[in-house]
């Protein structure tokens, strides 16, 4: 579904991605993890077409992203970014309904079919009950669910998410990822999600790509990537990797030494 | 990926609790009602004036000018007043009011800025330069058969907007903040030029100021014929973009993600709105306030969906300016009051009242 | 050396004043309004110098002797000065002083609307005549101790009598009092002739007139020169009192409804012609248009407070009452 070869991209003042090779198959959930500033968001933006590539090739469903029109791309790829503007005065339903834009012609208005799709999307994202509420009244978590619903309403084949659950409580975090996983399995949706929570990523993702310094440091199944030394090297923090007793997926926690050893500055402060 | 069953031959029934959809067809009754209301305002305005002409006579005279309709004899003076003076004045005021309001709404939608209005990119000051150049030249300006003023003002307006757009363009993208800045720059240059010319050719100062202040006291069917095509066509062409304007209220990256060709839509909407505004300014001078306040008022009452805001701004703008013109020509019977003064004095208190009633303004990003 | 020069100068001054006042006194007595049937109010024979004049800003101007370097920022005052034969005392006139020829081609021209104080002061005037106080000109000139005569053209010079008063005053100031009185006499005779002739006209017959100043229907109210002319000609000015404004803007509707019998155009500079007025939509119903009673007049002669307003009066009298004034 998604294929990235030798991708170099960044901003005029500084290059960020220094040669990325990555694949995501149809129906696969790929989690992208890494420390701050490693280029996760930049990678997502490049795949979404928001950032021009300096070198390399990105292909979605066999078609290069560079050559595709915005409308054609939007019918295949949906993105949920971190910073979300929600226009005042519109209801949650109206905002989610905007996800149907790529499927409508200029003079066409949304119809029954579109309403059905949006309803289904909002129900699965657990925000249907918010449909008549103005978006500015919603909490951060509720807004995030509305935006996810909008992305789902696009009926994409590839869904890109940048920390989609940062504002959500534990239940909703799990619900969201479970929904995504269901869609991957039932509808063969491909999901590429930037995730901060390593354990959450490990719980749901089929594969994980660990990034550091604009490159892929490790790439593969969760238990292969989330090894203590790999994580330590990437994040600069001592960790212990446990194994979930039922699922067998890795759980990453900071090492005991990291907990008791306060950074030098605070120690000196406390002492005096 | 499919979330719902595909479109089947039989239309699925709407589930209970589905929110109402905004479509062109279910908005049609609203448009019809608004059109009728505007027409009523126009007829009222044509019947009202310093010279008392009974409404039945007025309607008779108007009807008599429709093709194939004959309503008998009327006094030449009454006919002249109704058909040659009041009717074109009201029609022109309605057209200009509608244009300024819907262009204002379009500008506000593209810039996502509540202070945007149709003169932002230099239409007004560019038009003033065009008109000033004609007024200071030895050309005969008051010739009724063909007046060079409107075309010159029109050209000036378009040149100014094109300059603002070109200045703001970087790598085939035009950021809205750059556009605002370049518009301000172009406007400043034009305004300074007009001021300088006004002072240098000071026998013409009154004539230039008069043109700038705007008004409908020299309205004629000829002016309507000159301006109407642009205003009507531009309005009709912008309307299909109303739904996309809604989507553009998300930030530009998100809109692009939803498949909207943001640069092209911006260009089309701004070009059409500027064209219509240029025509309006060319035939009626610089009337302020309408393009800024009417769209906000419409939003406050009918919500932010541009499929309502655009056309309803048109109707409300038309009615507003027609009524303002009635005030301008009636408040001191026989004498004209500058219409810009009326729009500001009449509209501001009403707008403030609406603001207070709202708990929060119906604009901006959450 | 110095005391000698001073004494000489003083002697000359005294002699000049004596000579001047002697002759002026005689002449003024001789021509004092003997046969003038139209008394000019408020003016009486005065000793020549010093001449005091009230300015429009309430201050008083005192002129001790005939000025030799006058700057006229008023086209009307320029015309008067030339008519009085006192143009030798001018060093500069304003850009719009274009009558007579001597004024039009005057070597030194100054801008009255954007007055350059330095340029004015550099000419070392001993009198500046101001018609409209733009940009605080009068105050600045006062500061520079330049003598200013300020008669606001909009507020204080509105009738024929006002204009005659100006002529008289300028005559006194420039030491051409005799000429001034002559001029006033001949002008008022001409006015009088028309007034007398107008007395025979029944006042109900007063036709109404629309006076147009520009193509957006600005007109002149009764409280202006133009208004005064129409009063003498017994024409009813449709602009009336202007709603309190001297130069009101009329609505087309009001003009058509008032149905003027006469239309006077003072806006040829705006490209308005008799033909273009006839072609205005809706104006075909107006009596003046139907009877072809539309007259154009040079705005300079009808609105400038100078001797030519009498020309304007006579021209209009002939236009409006051709039988009466051949």
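Every chain is named by a letter (A, B and C) in the order it is written, and numbering of its residues begins at 1.
We adopt the following convention: a residue touches a chain if its C-beta (ideal position, glycine included) is under 8 Å from a C-beta of that chain, and two chains touch if they have at least 3 such contacts.
Since the model is a prediction, treat every value here as computed from it, not as a measurement.
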> Taking chains as nodes and touches as edges, what kind of graph is this: line, ring, star, complete or other?
Replying inline: line
> Where the centre of all protein Cα atoms falls, which chain's Cα centre is nearest to that point?
Replying inline: B
> Using each chain's Cα centroid, which is most distant from the centroid of chain A?
Replying inline: C
> Quick one: chain A and chain C, Cα centre-to-centre, how many Å?
Replying inline: 85
> In whole angstrom, what separates the CA-based centres of chain B and chain C?
Replying inline: 46
>> Measuring centre to centre with CA averages, how many angstrom lie between chain A and chain B?
In response: 44
> For chain A, which residues count as touching chain B in their complex?
Replying inline: 48-50, 69-75, 77-79, 81, 83-91, 93-94, 98-99, 101-102, 104, 106-107, 109-113, 115-117, 119-121, 124, 131-132, 135-136, 143, 152-157, 183, 187-189
>> Looking at the complex, which residues from chain B come into contact with chain C?
In response: 49-51, 76-77, 79-81, 83-86, 88, 139-145, 199, 202-203, 206-207, 210, 215, 217-218, 220-222, 329, 332-336
> Of all residues in chain C, which touch chain B in the complex?
Replying inline: 96, 113-114, 214-218, 240, 242-243, 245, 248-254, 256-257, 259, 267, 269-272, 276, 279-285
> In their shared complex, at which residues does chain B touch chain A?
Replying inline: 1-5, 7, 11-12, 14-15, 18-19, 21-24, 112, 240-241, 243-244, 246-247, 249-251, 253-254, 256-262, 299, 303-305, 307, 360-366
